[in-house]
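What follows is a group of structures, each given as structure tokens.
In the two complexes below, chain A is the common chain; its partner is chain B in one and chain C in the other.
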Partner chain A sequence: MSIPFPSDAWIKAMMEDLNQSQAYEEAAKNWEGDFYFVIEPGGSLDHTVILYMDLWHGKCREAYEVKDPEARQPAFWLSGPVQTWKKVMTRQLDPIQAMMTGQLRLRGNMAMVMKNVRAAKELVESCTRIPTIFPV
Partner chain B sequence: MYGRMLKVDLSRGDVAFSMLPRDYVEGFIGGSSLASRLLWDALNPQHNPLHPDNPLIFITGPMTGTGGPTTGRFTICGRSPQTGLWGESNIGGFVGPELRQAGIDVLWIIGRAPEPAYLYIHDENVTLRSARHVWGQADTYATQALLREEVGEPRARVACIGLAGENRVPMAGILSDHGRLAARTGMGALMGAKNLKAIVVRGTGKIPLARGDEYAKLRVASNKSLLEQNMTAVLRATGTSGAAEYLQFLGDMPQKYWTQATFEGAASISGSTMAETILTGTKACQGCVIACGREVEIVQGPYATKGKTKGPEYETICSFGSQLLVDDLAAITALGEVCDRLGLDSISAGNTLALAYLLFERGVITEKETEGWTLRWGDPSPCFVLLEKMARREGFGALLAQGTRALAAHFGMPELAVEVNGLEVPMHDPRAFSGQTLSYLTSPRGACHNQSDFFQVEMGGTLEEIGISLPERFRDEGKAGLVARHQHWRTVCNSLVTCYFAVVSPMTICELLNAALGLDWDVETMLRAGERGWNMKRLINLRLGLRPEYEKLPRLLLQPLPEGGQQGYVPDVEKLLSEYYVVSGWDRTTGWPTPEKLRSLGLDFVLRADVL
Partner chain C sequence: MWYFSSPLIVYGEDALSHLTTLEGHRAALITDDTLVRLGFAARVIQNLQQAGLQVVCYDHVEPEPSLEQVQAGARFLLEHQPDWIVALGGGSVIDAAKAMWILYARPDLEPEAINPIERFNLRERARFVAIPTTSGTGSEVTWAIVLTNRAERRKLGLGSREAIADIAIVDPALVLDLPPRLTADTGLDALTHAIEGFTSTYHNDFTDGLCLKAAKLVFEYLPRAYRYGREDAEARAHMHFAATIAGLGFGNAMAALAHGMGHALGAIFHIPHGRAVALALPYTIAYCASGEPGSTRYAELAAYLGLPAGNEQTAAQSLLRAVWDLMKQVDQPVTLAEAGISRDDLAREMEWLVAHAMNDTQTIMSPRIPDESEMQTIFWQIYSGEIDL
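And then the complex of A and B:
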């Protein structure tokens, strides 16, 4: 059954997928840092949705939709319109390319991100494995 | 107003100020485009590139030194001793702005000083002084400090050559502001041939702007916008080598002299690793909000630095890192500094050394040719000695100093020379981006990513407002029009002279240019000026002997790599070029722009010239 994006159910599905992925575990073995993925309105999505994900040494320790952005102080914020997220999640747009060109805006340690290109790719691979319904 | 030229004849000791014709400025804007127009008038193709009559041109742009986005740069132009064709190399730091503050937009130097000399410019006062005490003695870092002290102006800026330039090594550059280098096309050799060790400049005047208030508002807004760009954040945090892992992932980063697709050590030498290990600070060119320059310190080990020094940029970490399979960032930093101190282009020098390593591996050369050195992948130690020998043109170094084309030809293996029109290919593999291939083939200065960094477009840095959308990087068809358009845009950038790292829209640049020069152009008019400059440089090259058949990729780069991000792709050169000639209005047989194209660009004066 397909899961609507962005939603709490979707990010939890991604957590489950990541934690079963050996490729992600290997690629992200040195990664330390939690994220706010900020999905901005577009199409039928009429409000901003924030998804939290705590990524730690190749595993996802926690993931859920955040109602109050003050609730956590994540190391990274990655923000952009839902259409851009869709392009990244369907492999139409490379995630690093999206960040470098400002289509997704990153707040956090740039050096850390640039060192973990393969981890970013595996995150996208995980997205593609989740049956997803995007806002129209 | 922009367009004031200082002409210096080193043979006669004459100096003279003049204003350039306004139509030259409005036709070509400034920078290397304007220099090409000026060189067209003065060019004698019969002269050897190092002939005293060939000018060495230091040229700024109409926004240089104004605090606009990345406008601290200037360009050094002339006929290249390295390629025999058009030469240009732009450089950051502070010398360009200082020249403009001294009231000089163009510094045109001809002749040959009777003895080693340096030029001291202090506003309107121009003197030629002896450089005997530094010639052959002081490296570029020491020369800068000594001459600044000698003129008694701590705020004076110095552009100088090192041993390589003094010895007319074809890949010699001109260095300023500690470690900023106009590296490519051998402008340092041209300077050395003039017996000119350095330019020392101090200016205290105000840089003229036609509509200053308007410019100031645009300047603030565009710098603010630039600060908010992710690209700016990446460059500030990790320098130009911050994307190394990503570029390797894409198959862009060359390894083992272009013969290997992956290199485990890439992560050890990237800008990210530098930021986490040896980085102590950042450096910016005049007025730049990006600050991509690296300041590093290595406190222990064989490559410990004497305090803080310049950290390597992307080209250098490839030249002395991935290309030699060296994963030691400290060694790469040290080799980069050796190049700086000697005044050598690290791209050409690194490529040439990597070719020597490949020849050694294949048994083509042995310790006999290398004078005892074993060239083993991963071992940087021979490079320290060989670079010095290259700059001195001693022994095996004398051959290496001639570059890859000469080295490969010497050992009967010309197919191994990775160069286009005599200039070594920079560290972006054309097998990763078909558009970059075309960019290398048609660049007026040989293989070059600073005439069009089209790989950035193919990575997503599109310019939709001028019709440059995202192309598929391995697709050859339909690429030429986008590349040509991008070349015209980048020629505008090189005319201004701005940095390619600045993500600023063409519309904003056009507004800034209008305010600086008092124009009322639209973006298309500006791009037309870019196309005019692009064609002007080509016309010079055609007069210097360029032929369409010289526009080819080296055979080594026509061999696919079996793995990695390139996916076994090899560009179809003929297809790319055929389309390109059509969209550019160039004759496929002769290489010349058609008369219609020349007329449409206002370049039809070349049809009347008796030099053809």
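And then the complex of A and C:
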């Protein structure tokens, strides 16, 4: 059954997928840092949605939709319009190219990112495995 | 959406004299002590002074520049406030100078955090000229920066699209007397750039022709440049241009697995960069060609080079054998064992090699990406020379 994106159910499905992925566990074994994924409006999505993930040494410890952005101070923010998220999640757009061209905006400890690029790639691989309904 | 980045390229005889046309106040020449000793730095300084620029010189760049070294160079720039940075040297010097340029604009930044996502506004502080004195790295036309974290024994593939030279001066006179070993090492680096730029997942219509042409030039002219040195100025010039053309190709299409593995080998065993990536190249070709049928571009590449290319497997085999033949013609090792690495050394360092290669920024552009176990297997193949294709 497909899950609407962005939603609490969707990020929890991704957490489950990540925690079953040996490739992600291997690639992200040195990763420390939680994320806000900020999905900006587009199509039938009329408001910004923030999804939180706590990623720690190859596992996802917690994931949920955030109602109050002040609730956490995550190490990383990855933001962009929902259309761009869809392109990345359906493999129409490479995630690294999306960030390098400013279509997705990343904020956080860039040294950590540059040393763990494969973890980022596996994270996106996980997204593509979730059966998803997009609002655009 | 993607970008094609390139400096103004000034090439050919007397290209160095273009420096006399620069407009500004003060240039910082970044180089190494060998190039000062050989008199190359003096020629650059003379040209810059003729342009009316004050010149300060930082000649402490070492091979495989470290994070600490680029911080020291950035302090030099901050002290002297140049509006031009002129990098004269091989890949180490040019990469180090690019990193210094970024830290000059952003002194708060840790060198490890240099990245292609943030804006650094480099040109508000200075513009950049790159003058290569080897024929291989292509750094004069790329925005890539490789630095070494000595504490972690790891090479970091960094970069920023802003950190591309304004002007690349590709003057073959500067490589006429390049020693044979350096000619071979750097020439094979250029070949690896050309092949990986053509086969990386970021390949594109703008870069394909550059990569193909560069590969052909290296196969044709590297043996002559290696054998005859300054006596064959034609081969020297073509190799110098091939390196820049390959740099434009892979710089806009990225490299791939041989670079990821070569960076790890270089950091752990201190194998020169070009030798390390070329050692890995044939084995990574075999690995990629053994994946999903039709996922590589070796057939197109081999056909262009006039090699047997009936199907993907045949093409990969003929290409990797051509690479090996070229390496043998220029007396390069084709296995880690021949490069002087013992079985025990490799076994002891395997965990680090795999970890570094897996997380190298270039590895993820490979048409086939190995897991840890496959990566170990490829390193052992590089050691023994056994190819699985």
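Here is the rule we go by: the second predicted complex is superposed on the first by the 136 of 136 C-alpha atoms of A that agree within 3 Å, B and C clash if a C-alpha of one lies under 4 Å from a C-alpha of the other, contacts with A are read in each partner's own complex, and residues count from 1 in each chain.
Basically, contacts are C-beta pairs under 8 Å (C-beta built on N, C-alpha and C of every residue); 3 or more make two chains touch, one makes a residue touch a chain.
Please read these numbers as outputs of a predicted model, since none were measured by experiment.
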Specify the outcome, clash or fit, for chain B and chain C once both structures are aligned onto chain A. clash
So in the superposed three-chain picture, is A:L106 touching just chain B, just chain C, both, or none of them (first/second/both/neither)? both
So, A:I96: does it touch chain B (first), chain C (second), both, or neither? both
For A:K115, using the defined touch cut-off, is the partner it touches chain B, chain C, both, or neither? Pick first, second, both or neither. both
Could you say whether A:I50 touches chain B, chain C, both of them, or neither, answering first, second, both or neither? neither
Does the superposition put A:E26 against chain B (first), chain C (second), both, or neither? second
In the overlay, one of 348-356, 366-374 or 582-590 from chain B clashes with chain C and the rest don't. Which one? 348-356
Determine where on chain A the residues touched by chain B overlap those touched by chain C, and list them. 94, 96-97, 99-101, 103, 106, 109-111, 114-118, 121
Which of the residues in chain B come into contact with chain A in the complex? 229-231, 233-234, 236-238, 242-243, 245-246, 249, 267, 270-273, 275-276, 459-462, 503
If we count contacts the way the header does, which residues on chain C are in touch with chain A in the complex? 1-3, 110, 112-118, 156-158, 161, 201-202, 358-361, 363-364, 369, 371-372
Within the complex, chain C is touched by chain A residues 23, 26-27, 30, 94, 96-97, 99-101, 103, 106, 109-111, 113-119, 121
How about chain A: which of its residues touch chain B in the complex? 93-94, 96-106, 109-112, 114-118, 121
